[in-house]
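Structure in structure tokens, see below.
Per-chain residue numbering starts at 1, and chain names A, B, C and D are given in the order in which the chains are listed.
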Amino acid sequence: MIDVLYFAWVRERIGLPKERVESQATTVRELVEELRAREERYEAAFADLSALRVAVDQELADFDAPLAGVRELAFFPPMTGG
Amino acid sequence: MIDVLYFAWVRERIGLPKERVESQATTVRELVEELRAREERYEAAFADLSALRVAVDQELADFDAPLAGVRELAFFPPMTGG
Amino acid sequence: MALRVVVQQEPFDFGAEAEGFAAGRHDLGAVVTFTGVVRDVAGTLEGMEIEHYPGMTEKALTKIAEEAQARWSLGEVLVIHRHGPMAPGERIMMVATASPHRQDAFEAAEFLMDYLKSRAPFWKKERSAGDTAWVAARDEDEAALDRW
Amino acid sequence: MALRVVVQQEPFDFGAEAEGFAAGRHDLGAVVTFTGVVRDVAGTLEGMEIEHYPGMTEKALTKIAEEAQARWSLGEVLVIHRHGPMAPGERIMMVATASPHRQDAFEAAEFLMDYLKSRAPFWKKERSAGDTAWVAARDEDEAALDRW
């Protein structure tokens, strides 16, 4: 079980800020594919991965990052702070 | 008659902050040569012109600047503000 | 080598933070601050809301500040960033750097800003004429990282 | 496009100046300040005295600030520089720039500092262990002008 968090328009498209996901996926990319296959709202959020960023256990990572031992994943658009 | 001002160690070497100078010099450099010939303290202050800066009517200038119409000259070391 | 990172919803007191930053340090000749303000060029912005990622935000900002301390000679570093709703003209965030040398203080502050913009988990949403829209990241902001 | 240049002997209130600078402007998203502090690395400095050239100082600083406004998109520029005696840790001077864009605010502040250092008529004299010595200009400060 992994905590999956969504922020900004990813959160809005998926319609919730956080959920627990049960998955056998071994990489972030595999988990994303599982989610996209699940429901239209995930497909809408994950359609263009180049427009997304991912954090693995609160550190920026890439979509090929392994999921072994990971407790928290987060998906969001490029940051716009400052 | 030109008002001649001295700052920082130039002022200290010459021993006064300001004086009025009567001169037929046509450039700053000529005036400096007149002053150097005048007294040892001027020679001490003006020995190395590369260590000095000059302002003509409160604008930085070079030693070849003409003196025609000039009311105020100032000599000082490189600035160290900030 | 003091480092302070603050993430909060409330406004911060810029004058007091600026006044107190590196105060009493006699070994630091140069202090730089940067402040980001909610900007409303067209005069049509009703407000802004900043979302962030609690937990990761503090870690990311601390990491960026530590990286700046590792690269430049910095006696003090401060980063304050707000989240939540803000009005035009309000201060969103500030960074401050103090160094023996002005070049270090300037470069470190620019580095902090460049990384904070693109690597700290904040997202801006603007509200104009009743509509809201997420602010898009700018290519220049991502490109700004290349110089470090 | 407000420009303020202040030359004075008294200390200035950095917190209040920082707080008030560009306050209420909704079109300027980026504010940078630089502050120069009397530095005493060895712990032996008793004091510093800054001499200046009344009349020329104000003109030179105004010219430098106007040049910055001509080169960058600046909504507000502030330069404050003290003269006279100062103790270690005291603030000598500050510049502040406000711009729609952070790169402009940073570059303009660095430009102001580089020019102020080598082109505004101030001279520092340090007093340590009863001896006084004029601070020598640094080649790096003169060289810093080349980048603009």
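Assume a residue touches a chain if its C-beta (ideal position, glycine included) is under 8 Å from a C-beta of that chain, and two chains touch if they have at least 3 such contacts.
These numbers were taken from a predicted model, which means no experiment stands behind them.
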Distance-maximising chain from subunit D - centres being C-alpha averages: A
Mean-CA-position distance for subunit D and subunit B (Å): 26
Centroid spacing, where centroids are CA-atom means, of subunit B and subunit C in whole angstrom: 48
Distance from subunit D to subunit C - Cα centre to Cα centre, in angstrom: 23
Two or more partner chains touched - positions in subunit C: 36, 102, 113
Subunit A residues counted as touching two or more neighbouring chains: 82
Graph class of chain-chain contacts, one of line, ring, star, complete, other: line
Every chain pair in contact, whichever chains are involved: A-C, B-D, C-D
Contact footprint of subunit D on subunit C as seen in their complex: 13-16, 18-20, 22, 24-41, 43, 45, 88-89, 100, 102-103, 105-106, 109-110, 113, 144
Subunit B-facing residues of subunit D, complex: 36, 50-53, 55-56, 59-60, 81, 92-93, 113, 116-125, 134-137, 142
Residue ranges of subunit A in contact with subunit C within the complex: 5, 7-9, 11, 55, 58-60, 74, 76-82
